[in-house]
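As written, the chain order gives the labels A, B, C and D, with residue 1 at the start of each chain.
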Amino acid sequence: MTTKDQSLGPLANDGLSPEERDLFSDARPVPYQPYPIEVVEKFVNWVRANSLFMLAFGTGCGAVELNPLMTARYDAYRFGFQPRPTPRQASVFMIGGYASVKTLKRIIRSYEQMQGPKFVVALGICPVNGGMYWDSYNTVNQFDLYIPVDLYITGCMPRPEVLLAGVLELKKKIKEGRADGHNRYIENLDWYKANQKRIIKNWDMPDYSW
Amino acid sequence: MVEGLLAPINLIIAALGVGFLLPLIARSSASIARGLFWLTQVFLLLISSVWLLRLIDGAPAVEVITAGIQPPFAINLYFGLFEAFVVSAVNLSAILGSWYLIDYFKSRAASMSVYLILTMGISGMVMTRDLFNLFIFIEITALATYGLLALDKRPASLAAGFKYIIATSLASTFFLLGTMLLYHLTGTLNIDDMLLHMDRITGPVGLAAGVLLLVGVIIELKPYPANGWGLDVYETVPAGVAAMISVGVSAGAFFALYKIVPLLGDFLPVVAAVGGATFLASNFIGLRQRNVRRMLGYSSVAQMGLMTLALAVLYMLGKSEYVTLVIGGLFINHLLAKAGLFWLAGVVDRPRTEAWVGLRHRPILLVILGILLAALAGFPPFPGFWGKWELIMQLSAGELPFWVFVVLLGSLLEAAYLYRWFGFALQDDETRAPAVEPVKLIPVGLFALSLLATGHLVADWLGLEAPRVLVPIYMGIILYALDGMPGRLKALLVLGAFAVYAYPVVMGLEGLHWLFGLILLLGGGVIAFAVLHRSDARRGFYPLLGMLLFSLASLLEASSTLEFFFAWEVLTLSSYLLISMGRGAREHILTFLMFSLGSAFLILAGFGFAYGETGSILLADLSKVEKSATLVFMLLTLGFLVKAGAAGLHVWLPGAYSEAEDDFSALLSAVVGKAAIFGLLLAAMHLAVNGVGAINQVLYVVSWLGLISALVGALMALFQEDVKKLLAYSSMGQVGYIVTAIAVSSQLGWVAAGYLTVNHLLFKGLLFLAVAGLVYQTGTRLMYQMGGLIKNLPMTYISVLIGIIAISGVPPLTGFGGKWLLLNALFDKGWYWQAGLAFFASAVAFLYLFRLIHTVFLGQRKQAHKDLREASWLLLFPQILLIVAIMAFSIWPKLLIDPIASSFAGIFPEALIWDGTMLKTRLGYWDGFMVINIVAGVFLVPLLILLFLSRFMQIQKVKQFNIVFAAERPETPETTHYAYNFFSFYEKALGPLLKPRATAFWDGVSEWSHTIGSTLRVLYTGNGQTYALYVLFYVVMIYIAVGGMG
Amino acid sequence: MSNDPKSIIEELSDHYQISEIKEQKADLLLLKIPKEDAVQFIRELRDGQNYTHLAFMTVIDYIESGIFTLTYMLHNYAAHHNIAVHVDIDREQTEMESIHELWVHAATYQRELREMYGIRFPGSPRLDDDFCLEGWDEIPPMRREFDTVSYSRERFFDREGRITTDPREHMKQIMYPIHTDND
Amino acid sequence: MEFWAVKIGYFLITLGMVTVYGLLLGAIIARTMARVQGRIGIPYWQPFLDIIKNLGKRTAVSHGVMFYMGPVFRIAGGIGTLAFVPVIYGSEMFSNFHFAGDLLLAMYFIFFGQLGMALGAGESGHPFSAIGVARGLGQMTAFELPFVLAIIAVVIQYDTLSITEIVAAQQGGVSNWTLFTNPLAVAAAMLAFLGMSGYPPFDVFTAPNEIPIGPPTEYHSSFLALMATNRAIFASAKLILFMDLFFGGATGLIEMIIKTWAIYMVAVVVGASFPRFRVDQSIRFFLRVPTLIGIASIAFVQIFLLG
């Protein structure tokens, strides 16, 4: 089942000093294929949609709108949506509003450390076009240049109801098998990496943070 | 003509004549004088030794009365076996001593003659049977000594000589007065005649006479506190002279005492007290000494005190037939060792003990020093060992526990300062190795060899099968002779010889001995195999290893307490020396030795009291002890508990186990430590099973002690950063369980003890060997400097993994069986509280075990360890054997439990029932075979499921740095590896419970001992007049003491 | 020693060239001091006058006058009084004596000022380490000559279709038309 | 052979049942907690979906052999513990492999999974895993003491180490339960149970915000699924052990479900009402009052029950 495309060779990891290079893995990720049996794939997609583990990483000011989602008023647990403290176990990455260059670096690391299939939801107007920070020296304007986004929820800030609607929309997308950000990222890894490295000047981590 | 020349009287005449002629001849030709001096000495030695041989062959003793006139106007000599022996020894020391004085005598012809006269005086003191003659010879000796001191012409010598002459003059005055009074009472001066008229020596006059006579001689022996005058001497004169004073003069004086003791029947307790006080006080003061010669001086005085004590006590008890063995042994031991040490002090010529560092790099010198010190400290096989053994036996038999205590305490103190000195000599500092002319070592070496030879002779004479008992020693000597060979060859030789020797030994044993034969010998052999991994020569290691392994065999073969104790002491000595080879062991070896000796002495006392009751030294006859069974059992148990590292008595253990060389640590913890368990079981088997006296209460206390050790060991192990220290504390804890199991004293308990012992051997050998490989590869013992080594040392990792599962008691490996048996035994006995504590201790043990494996093998690997290789296969091979054993015993516990149960068969009612593979007790049941199968099943099925699922996942192998690190990248492995102070919160939680109380207590004991030493020394003002006054006071005190008795 | 801030300043005026004294609020006094005397003066306030706390330090960019005005905000706990010490430094020769020896935490402020304005404080610990920015290689972003809009356009690529409005006008027209009357 | 086939078959049934029950119990507890907070909470099938979702993950990373085997050790520990505890008294089907060993075996086997998990987490190289393990193990030693004391009291009381016999001795009415015959032991054991179940105030070893859920912080995908399954099995096994020792065991499935749920609720209710202890505080807590109660329970048995 695991078809590893090694034609492109391992990653260069040239942001690291030579001594540091063998501390990190330099393997190149490969996209996964759907399950050979379609029913299984559909079933699993349904399950994935109903078991959304969100990475609890407040990347921007919008993260403050995520907390009410878990309270009695909105109770996102009903929809199988729950926070998870480590990227390893999470499947949904909520980008909480604007992303500064410095945060973007951490977002990339965390995103790459999540295990596929994984989904990205960007909330607020800032990830879309920079929002009120459009002219900042420090805030990215088009978030999807760096990370594949499955769903944008716009607004400054979007209220929890909107977020909830977004979650439901995401579930629909997953069920239909259209949330393919994970594979898109890996298939276009070089493009994404070039974009990322253009703005992140001190790239002192491996090219792909396993 | 020849016969005439050889007449004993010539010992006096020749020395005297040449002595007076020498100064004259020296004026004309110094070289002729020197030639004559040597010739005379040789002649003296010749006479005495020829006579010694003749007397040994059974020739009658010679009585010499000169000039046909009766004493006191002529000389009356008696030359029997003892006399010949002592005179020969003195002459030998004199001639060998003058070897060291060649340069000294070149400029001092007069000294040569005084030296001769001194020898003559001593011979006279030994030989004469006439009190007045004795007085004369005492005077001659004293004057000659003074002469030697005065001719040295240095202010210090002069001052010392002055004090000396004042005191000895006083002494001889008293002696003369006493002689007069006795003559008045008995009308004779001959000791033998006086003995015939003992009945006349009565009343106040008789008393005064006795006291004066006694005091006269005793003062010569420098009793504490009236001995301040005698000690400067050792420091100031050349080593050869000091040796002569220490050995020769004291020998003469002591022989004089020996002669007059029969006259002093009533005063014997006082004499004993004088000896005992001197022995103890001098050794206390010796602790404070940093000057080698002064220290040796105190040791001399102490030895004289011990001999005085022994002599008096043996006469008191009417056991004069043991005088030969006890006094003879102690005497020859003292003579050879002390003379040798003084000479050595002269050869090395470093006044301070601290300055002796670097001797390690002069192997011959070190070996000689080692032999002499071992002899002096009473280690086997030297004559002092036999003497002390018999002395303790007789003291115990005579129901004199106080004196037993004094003798043992004094000996312990003496060993403390002697071995502190040796510790300096063992220090590794090549730049400070002394330069010594080999020729100078001949006499010392000769004495060292004589000590070995006499040791053998005494053993032979005692009727022991000397070659068998002494086999560890001979192995040591033989291997030492072969020490030039390549390391691995020597290792193979040791192992081969051991295998050949041990196989029939094990085959010939049965019961408990057989079980421990397997544990100690088979286990020892397997673990000792690991020494092969080092290819360097390891000078000195293999002889000592041979000695150690063979002494284990001897321990098992021992049928009498004497043989047992002999082997035990050899084991102690060889482990001490082996530990001292560790690089950082210096600080810990003295503690190790002190506790080991303390333990040995407790055992000795125990054996002594057993002998006292039954009159037998057979081990089997220990079970006949009834009246003093509690005492004997307590002493033996305490002794063995010290070696088992029970809480409070464990302070020696961590240092010794961790600082010994890495492969030896395994042997030390896994095998040598088990000797104590063997001893405990032996003692319990013979004494505790009957439950006489208060033994059950003792066992109850022991059960708590064992578990407290288990808990303390586990808690201390939590906080160690040093991987070997962790294992050392772990050993302490695990042995604690064994001790408790023994204390349960039922079939379940002892089977548990045997099971735990075997298991501890397996897993601790495994862990120590694995750690040895680890330390060897990484070059560090600190766990936080390691990490992530599983990929580099996978086999070692598996060893440690199996080891910790076996230790922690997690099913299905062997550890659980031990815990199950132990807890069942405790429940069965009704010791519920102990069971709770045992549980808790084993849970705490789980913590340090995880830390061991985590911080070393898991977590982040340091960049420096990137290219480390797996440990040598020679080191892994014994580990594999041990793993195989653990696995086999895990699958078939019956393999292990059946033999253990059979070795205790018939002692207790059966409490273990086999039902197929199921083991049942009154309370519970356990089917080890089934458990391991079930566990294998529940482990393998999920594993297969996971492997299947893995086919549908792309599992990427990543490095340890590919972690979620709060979205950051880890900085360096050092900062990412959580290892240092791993259980700091536990320390915080338990707080004051974890203070090192035992260490503080023993530090206190050491401190107090030194303080006592200082306090006792306050009396020494250095002022001659004060010393003279002390002598007078002393006489008065003795008079009062004796009068009070009368 | 008087607790009254004014008398303190008067007292210190004998030794220091204090100018532009202004009592902003009851508990805040502004003053200016020449660059050379500044650290000595602050030390005097700290040790002699009980202004033991450095609340913050910051800088104002007067690009028109070609100066940076450093502000040290000192606080007196006993009197609950603040003194803001202004120090003018040249915008081109941006160097100032460090006060990290007076307050350890000043080093952090100085790192920030170094990063955001390019002011150097020789001797201040870890001065050149990254503070907020990582791997910044342009002119310091808070200096007023730094053109943040073109930087953003060049780097972060405006998304097509974005509309920018003046917030004030936008609010007036769309969101809150009623309020415009009362404004 | 046939004996084994039957036994294994029965055990598989028990195992499946217990797994389902354990997962459902988790959902029930979560819903109960949600109701307390005024929420509806997760659907009942959420734990199952989570496990399937994790099994359905398509990528994973492995830090090494021990990392890979850690969850296997863990689940083996859980299944093994269940295997050595009889679930329903008097039922051949639900008695598992209790005949392989007694109470001591079950108690020591609890460590098996902990050790394997700790090793796996250790190899991940994550410092938070190690910190979590250190804290967890440290706390475990502390609550082990009152637990063991309580068990000793029970063993003295019934004079046997066999779990079945302990249950048998409690049959014949509520008043025969250890809960009523030896309340001190039960008190000590239940306090220990609070620590064992990892709810507040004793949840510092998984502290999600400080050391992201501690030991399993690097685990994901199928590994996590195995661990979640084990959580259900292991928790149930422990509950069943407690039920057997202290609450009269169970003679039927319904009784078992009610009793174990009730025992679990103790930890949940306490957990819902308390903030978190630091690990040294929880160690000290367990070594004080619960230990004293444990000691008192042994004394109680020795004095009053045995005379």
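Heads up, the rule we're going with is that a residue touches a chain if its C-beta (ideal position, glycine included) is under 8 Å from a C-beta of that chain, and two chains touch if they have at least 3 such contacts.
Note that the coordinates shown come from a computational prediction; the quantities given were computed from them, not determined experimentally.
Sorting all chain pairs by how many C-beta pairs they have in contact places B-D at the top. Centroid to centroid, with C-alpha atoms defining each point, subunit B and subunit D lie 53 Å apart. Each chain gets a centre from the mean of its Cα atoms; for subunit A and subunit D, those two points are 36 Å apart. The distance from the centre of subunit A to the centre of subunit C, each centre being the mean of the chain's C-alpha atoms, comes to 38 Å. Subunit C and subunit D, compared by their mean Cα positions, are separated by 59 Å.
Each of residues 57-61, 212, 217-218, 221 in subunit D touches at least two other chains.
Shown for subunit B are the residues in touch with two or more other chains, namely 952-962, 964. For subunit C, the set of residues that touch two or more other chains is empty.
Here, these are the chain pairs in contact: A-B, A-C, A-D, B-D.
Note for the complex: subunit C touches subunit A at residues 130, 132-138, 141, 146, 148-149, 151-152, 155-159, 161-162, 164.
Residues 1-2, 4, 19, 22-25, 27, 29-30, 32, 35, 57, 86-88, 106-107, 109-110, 113, 204-206, 209-210 of subunit A are the ones touching subunit B in the complex. Considering their complex, residues 29, 32, 44, 47-48, 50-51, 53, 71-72, 75, 77-78, 80, 82, 85-86, 88-89, 91, 115-117, 210 of subunit A touch subunit D. Interface residues of subunit D, counted against subunit B in their complex, comprise 8, 55, 57-66, 68-69, 71-73, 75-76, 79-80, 83-84, 97, 99-105, 108-109, 111-112, 115, 118-119, 122-127, 130-131, 133-135, 137-138, 140-142, 144-145, 148-149, 152, 155-156, 159-162, 212, 217-218, 221-223, 226, 278-281, 283-284, 287, 294-295, 298, 302. Within the complex formed with subunit D, the subunit B residues making contact are 788, 790-791, 801, 805, 808-811, 816, 819-820, 823-824, 827, 832-833, 835-836, 839-840, 843-844, 846-847, 850-851, 853-854, 857-860, 923-927, 930-931, 934-935, 937-939, 942-943, 945-946, 949-950, 952-965, 976-979, 982-983, 985-986, 988-990.
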